[in-house]
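Please see the structure below; I have some questions.
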Amino acid sequence: MAEGRLLSVKEIEKHNSPSDIWIVVDGQVWDLTEFHQEHPGGSAIILKYAGRDASKAYNEAHSPSVIKKNLRQDQFKGVLDQSTINNEWLKEPPTENARVMLDNEKPPLTTLINAHDFETVASKTVSKKTWAFYSSAATDLITRDANKSCFDRIWFRPRVMRNVRSIDTRTTVQGTDLSFPLFVSPAAMARMIHPDGECAIARACERKGIMQGVSNNSSFSVEELVEAAPNGSFFFQLYVNPNREKSAALLHQISSLPQFKAIHITVDAAWPGKREADERVKADEDMGVPMSNVKAKNDTKGGGIGRLMAGNIDPGLTWDDIAFVRKHTHLPVCLKGVMSADDAILAMEAGVDGLLLSNHGGRNLDTSPPSIITLLELHRRCPEIFDKMEIYVDSGIRRGTDVLKAIALGATAVGMGRSMLFATNYGQEGVEHLIDIIREEFETAMKNSGITSISEASPELVNTGDVDHLVPASRLHPYARKITRGPKHHRTSKI
Amino acid sequence: MAEGRLLSVKEIEKHNSPSDIWIVVDGQVWDLTEFHQEHPGGSAIILKYAGRDASKAYNEAHSPSVIKKNLRQDQFKGVLDQSTINNEWLKEPPTENARVMLDNEKPPLTTLINAHDFETVASKTVSKKTWAFYSSAATDLITRDANKSCFDRIWFRPRVMRNVRSIDTRTTVQGTDLSFPLFVSPAAMARMIHPDGECAIARACERKGIMQGVSNNSSFSVEELVEAAPNGSFFFQLYVNPNREKSAALLHQISSLPQFKAIHITVDAAWPGKREADERVKADEDMGVPMSNVKAKNDTKGGGIGRLMAGNIDPGLTWDDIAFVRKHTHLPVCLKGVMSADDAILAMEAGVDGLLLSNHGGRNLDTSPPSIITLLELHRRCPEIFDKMEIYVDSGIRRGTDVLKAIALGATAVGMGRSMLFATNYGQEGVEHLIDIIREEFETAMKNSGITSISEASPELVNTGDVDHLVPASRLHPYARKITRGPKHHRTSKI
Amino acid sequence: MAEGRLLSVKEIEKHNSPSDIWIVVDGQVWDLTEFHQEHPGGSAIILKYAGRDASKAYNEAHSPSVIKKNLRQDQFKGVLDQSTINNEWLKEPPTENARVMLDNEKPPLTTLINAHDFETVASKTVSKKTWAFYSSAATDLITRDANKSCFDRIWFRPRVMRNVRSIDTRTTVQGTDLSFPLFVSPAAMARMIHPDGECAIARACERKGIMQGVSNNSSFSVEELVEAAPNGSFFFQLYVNPNREKSAALLHQISSLPQFKAIHITVDAAWPGKREADERVKADEDMGVPMSNVKAKNDTKGGGIGRLMAGNIDPGLTWDDIAFVRKHTHLPVCLKGVMSADDAILAMEAGVDGLLLSNHGGRNLDTSPPSIITLLELHRRCPEIFDKMEIYVDSGIRRGTDVLKAIALGATAVGMGRSMLFATNYGQEGVEHLIDIIREEFETAMKNSGITSISEASPELVNTGDVDHLVPASRLHPYARKITRGPKHHRTSKI
Amino acid sequence: MAEGRLLSVKEIEKHNSPSDIWIVVDGQVWDLTEFHQEHPGGSAIILKYAGRDASKAYNEAHSPSVIKKNLRQDQFKGVLDQSTINNEWLKEPPTENARVMLDNEKPPLTTLINAHDFETVASKTVSKKTWAFYSSAATDLITRDANKSCFDRIWFRPRVMRNVRSIDTRTTVQGTDLSFPLFVSPAAMARMIHPDGECAIARACERKGIMQGVSNNSSFSVEELVEAAPNGSFFFQLYVNPNREKSAALLHQISSLPQFKAIHITVDAAWPGKREADERVKADEDMGVPMSNVKAKNDTKGGGIGRLMAGNIDPGLTWDDIAFVRKHTHLPVCLKGVMSADDAILAMEAGVDGLLLSNHGGRNLDTSPPSIITLLELHRRCPEIFDKMEIYVDSGIRRGTDVLKAIALGATAVGMGRSMLFATNYGQEGVEHLIDIIREEFETAMKNSGITSISEASPELVNTGDVDHLVPASRLHPYARKITRGPKHHRTSKI
């Protein structure tokens, strides 16, 4: 094989795009165009060396035979003509999108003992672009950080000397049993972090008895997910398409799958937020989102993936669309992304089946309210809503204590997005481990606050004194007057 | 040419002041006294090498021929006598006022994606003095920082499921159309940062359909600005001169230019603030302000430029001067720098046409209130003002979300000063890019908070719960008693 | 002796577990299995070198003869066969559990002048595991830090010109005299930090006239403590055992010792908190807790010692157990760990003799309320309790001023746990020194706030304005509505 | 001279105490016992080399002849016997108390433009002990820091368009004219920082028309101060001596000096605070306080100077002592250190002539209230006091804006202590420069807030919304109940 035709550096360098990848390993030139998507170590590392010599990186990670075993004879292109090597060729390629650590350098899963650990490991082991996409949030990150800090500023009021030998964490969401009140919040394109992506999450949720929210921008189709976890429970996070027929078709497709228990219409992303960390890192332009047919690209604003997926999202969504959705599904219909009691009240009037209080993890409109504050606003302004529909909360949950605080304040279940994606870095096993961690934290919090079942969790369990001044008491601003725009009466300069 | 007369190091070193600059490049001695002001890379770099050998710096930035092409034959003074070189000569000059980066080292404009980026780049690429002048604020920087943090502590109350497919950001200021409610706040001497200075800003504003506030200390005359942007819209920020005749003349000059739409009398700078960063950096003493005939200088208090411009500002300004101004202009008359509802009420009584709530970017009196808090104070104490005149806000605006918050709370338009100057670092193109950024952030915020036009922006859109305790409810202190000074009744020691 | 049989590296390396320790010093092989527990420098350093060559570490700390003097002839095992030395053998062992400093490197006791100093020294001189066990707290450390910061946010209202020449700091706890209102809070396994452990504390407390709380997980038995300090005063912190008979026996044993003045039933640790720093450091698996027969171990969750002691704690503890305890002791019965006025009210109804307000030093449930806030809650909601029983406070006390604040707010005495353990690092002398420091700080605070006896300490002495919003005013949440779980009425999707 | 007798290292090393100092310079041995106190560079540097070779340090700072010129023939002791030099001799002495910079390395005075600058320079140029003594404050520095931050949290409510061309900053204190409402707060032992100590301050105050408070622990006698500044104005800060006769004598001595305008009885230092930074640095044991006959010493608690001066302070001071003081002086009698409205009310009843609200710069009781908060408390609880006596404020003032805020809230004048001492580092000139700085900041603040005289300064000028929750509204705690100590009623265990 090593006797293939001689290929010059100049020739090899041409094959440097995702759709045409040649790579040199130990003097042999291979075509990895087909293979790079299946590469267990991620395509980023291969793209990094497209049109270049990858021997050093290859040999650090693999034995010499691996390449031959994984590639076909016809993917061998020839032999590097050593006489054509120049200085440029010898340089390391820019490392922008490279992983900082290889998979085999990750710390063992058992040494990760909380959600923060998964985030820390991800920050060091996933590609720059993946990290940027998942970790980023809108502009100054104020809402992203407040999501967490508002939970931290709510204190427990623990009760003692209550028999907590055995506790029951079970609950139901839209009639479906959950082992404890947690679900995985829908998030786009989990394949960026692991080849099994949402399938890994699906299997982990199925195994641990929690629900998975599936993003419209999932890297796997709903059929693939259902196949991965036939006994799983899912809800679907719908971005209503400008072309309603596409959404209708999708709703029918989903509604035919018994594993899907609800439709969540996304309402907190009328327009893509400005996620600057995401914009600052170039996208791998070959990266695609199967379900939505979107391709990443770099433009004058940067390489933001979130922004590019918005083409399939209709900013013209209105309350009337609830009827449209209902027409195409028999499933309960919820709204994902309500951020005010005002819209919660409209949702009651519209008769929806549930609300997911969410600010999209702080990714869309910076300084939008933390979800836990919105939950408090519902108590202050429309407490009757808790009798009429299920309320869920996500954005900022990192601890089992956070879950219990939301439940105590009336949430039916609580979602974790980012953390679960960072756990997907370890595949199904990672997600299972994180679910176990949160469950154990949640159980510990129940026991140490003196309750034994979800039904005992009540607002009396928490002290919100440090955040109460942040909770609006009415639709109107407490003292600001409504503005009348237009020409002013008192324009003396006109005199 | 290289055969000019031999010049000793001792001779050359004498020509080291802004009014007499000789510089050695590759052994040739040039007189740059005339040229240095026009130097595209700024005069600072030339002043740095006045009376010295600039070969190294020159060659890093220019090809050998550039100097000959730009200078006249008579500006060639002779040839360095190599035999007179001593150790002192070989040392690099002190870099105090040098740019940290040359123009060609600036990051490409498209990689700057928010206002902070422009500030960061400016901090590294403009001369120390320019940076000190623009970035500085009064004493402990408390107001400068609170200007921004108070915006950050105001949250949105976003509404969902409203059709935001098409939005209209247009508004009017004093009857003039703006593409969106932004203007460039007036700031002195933009030539310090770019040779095109305020002209670059004027062209960018004209192109983007926003208004420019022109400082009394502009480095270009109003005629030059109007020539640069004949279809632009301007307002003039007047510092009333101790010599009222000068101000009267200026008002007539401005009022004759149809591009000028209003006069803003500066009221927040009775006395120059103590901007310590500015004082700590030596001024280039040849630096002048065309319109106000002020020259920078260094004195025992430091090199503060702001302080030196104050000679043309009358600390004796009173409410009576409004009549004086009106007498010399037909234009709407606004007050720039009102910081209390008390003065807003007086302004209503005086019948002015608008207020620009401003604390001079925190540059004048430290711990004066953030403008957005003053805006809230108007609602609490004199809400009728919003029917009587236009209210503008500047100081601390860095984001499109900040603009929307001010608009929601009743501002007609919002000004950005410092950020726009930092954008001028890239000339007209830089300012346009920043305007585009803010506009896009503003539009994103409108869409994600569920409104489609300026008239829909209302106080209900924001939650000010975290800052409400900072908003005074009356003219009097809530519990402190008025002090009677003078001898006390109870002086027992007199007994 | 040096002529013992030749032992190969391979042979020696086998003896590397706590139950079988061989160590090489200067070519001689010794069996330290028995001795390592008695090693004055701690067993950690010996375990570190189990199965290895410890010559370097030994010679840094000891003279050559020490080993022979301390070990028996039969503990000499032979001579290292130098020919078997390999590279692995020459490496330093991992230092995870090693002390950073040897005892003789500790700063002199007199240079430690406050409680923080003891913590700092401990962080550098105790083994990693000991540090992790004592310094750790639940999850995000929010309660641990708030315990201290809430004291810091309470201000004195000092009174002046009161004769404070002589002050009286004496008080009584359950009828027993204390020289000042301090006790050592019970904490587990003080031998980890010093071989004298709780005995050192007992002697110091006896000498300084304060009370010692003895943990159920003390490394010494109550008999040993009483023998160490026959004139001391103690209370016993009981973890009620799932096997009530064991607790009954223990209560009888304690009640027979006249030095024990009260029983504190632990109620703030229904379930072990998640102390992540503790989990992250491997436990020495031979480490045991004499009184409770617990052995440390490492499992998939980590090496947390706190968690492993929980096997002897009954999560089924209820209010009925107070009667059980009373049945087996004539001593006053207190509850340790009440965190709400609600439970304080139940405690009044149950007729207990005292409450120790405590959140276990923030070690059990993160975001549980700081004890000083709970003390304030008692004033707000059940002030009559101060007439009915003694109230104690611990968690977060680091200063004599903290003690005075708690006393002023009605506490009878105040406990310090962690700091006292860190002082035990210096043995009895260290604990005495810290008690002296706190006493002097307390006296200084009394004098400078203008009081001369404990009875003059009253709530008027403190200003709690900065924390009052954190104190609940009623059992119910101020505005959140009680949640009814279960199917919702308004499920339109069912229609 | 160099032919003196040979002296061995062993001999020389004996002369190493403040009362017996030999030093070797360039091989010659000198006795500096007498001289070291007069050394312009401070005695610390000489003490550092007592019994050692100081050649290196000497030659870095002085020309060879200086020593001969300044010392007498009989102070030359002999010549170092080079043959006795050993390794120990060659080591540098510990640098604990050395200055970090020599006087000639200080930045030029004109480059210091605010009070912080003086502090920064002092931290680098004064001896460690001096820095520790002046910069230190009680325990955790909470009050020291809150003193400043509470000023920063008070905002101005600036008024505009008021003619501020000419302003009048003059005021009177106890009938004495001040050029502006500032005085130097009394502080001990200014000679530690400069040989001219309080005399330098006296001359500067005289020249700038402000008043100087003289500490009972001044390093110069009142006669020396009056001689230094015969036209100056002073008040005396009295520590009432346990031996009242000594205080009586002192009062007579002071009252006979017409430059003294008032007596301030110190009431905020019943007991010396625990200033840990001071304790941690060894004292120069020969350092003395002339007026109080105190000598510094090091004991088991450390080297705290403040603590050692307390021997002359009577903790038995009571309200009755006011009559004692009045009996021995005709001067107005004020109390320095009142920290509550309660004591202010008592002071009114006692008919004193003024109050200096002070917490001793946070040096005595940590978490005692910032003075500006106490000033607000007077408004809330006993506003009539402002008609009855003069109120002064110190502790935390760093800016002219701070001065204006206190004046606006009713203070007659404001004192600066630490900053003025740090300015004394530059002698009289330094203090004058700092007074000029504060005066200019004060004037700028008056102008930019729209007032032209002290009488116009009123509470309406400031917004205290961010600190109002810290101001007590009554003598009682708002909700805590008074504690009854002693046996409890409900001791069920006794049954």
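We call the chains A, B, C and D, going by the order they appear; numbering starts again at 1 in every chain.
We adopt the following convention: a contact is a pair of C-beta atoms (placed from the backbone, for glycine too) under 8 Å apart; a residue touches a chain by one contact, two chains touch by 3 or more.
Please read all numbers here as calculations on a predicted model, not as lab measurements.
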I need the common contact partners of chain A and chain C, sorted by label.
none
At the chain C/chain D interface, shared numbers over all numbers used: above half (same) or below half (different)?
different
The chain whose C-alpha centroid lies farthest from that of chain C is chain B
Just curious, how far off is chain C from chain B if you go by their C-alpha centres, in Å?
59
Between chain A and chain B, what distance separates the C-alpha centroids? Give it in angstrom.
42
Set of chain A residues in contact with two or more other chains:
469, 471
Every chain pair meeting the contact rule:
A-B, A-C, B-D, C-D
Can you check the complex and tell me which residues of chain C touch chain D?
110-111, 113-114, 152, 154-165, 171, 175, 326, 330-333, 348, 351-353, 376, 379-380, 383, 386-390, 399, 401, 409-410, 412, 440-441, 443-445, 447-450, 454-455, 457-460, 462-466, 468-469, 471
Within their complex, state which residues of chain C touch chain A.
139-140, 142, 267-274, 276, 279-280, 300-302, 314-319, 321, 335, 337-340, 342-343, 346, 364-369, 469-472, 475-485, 487-493
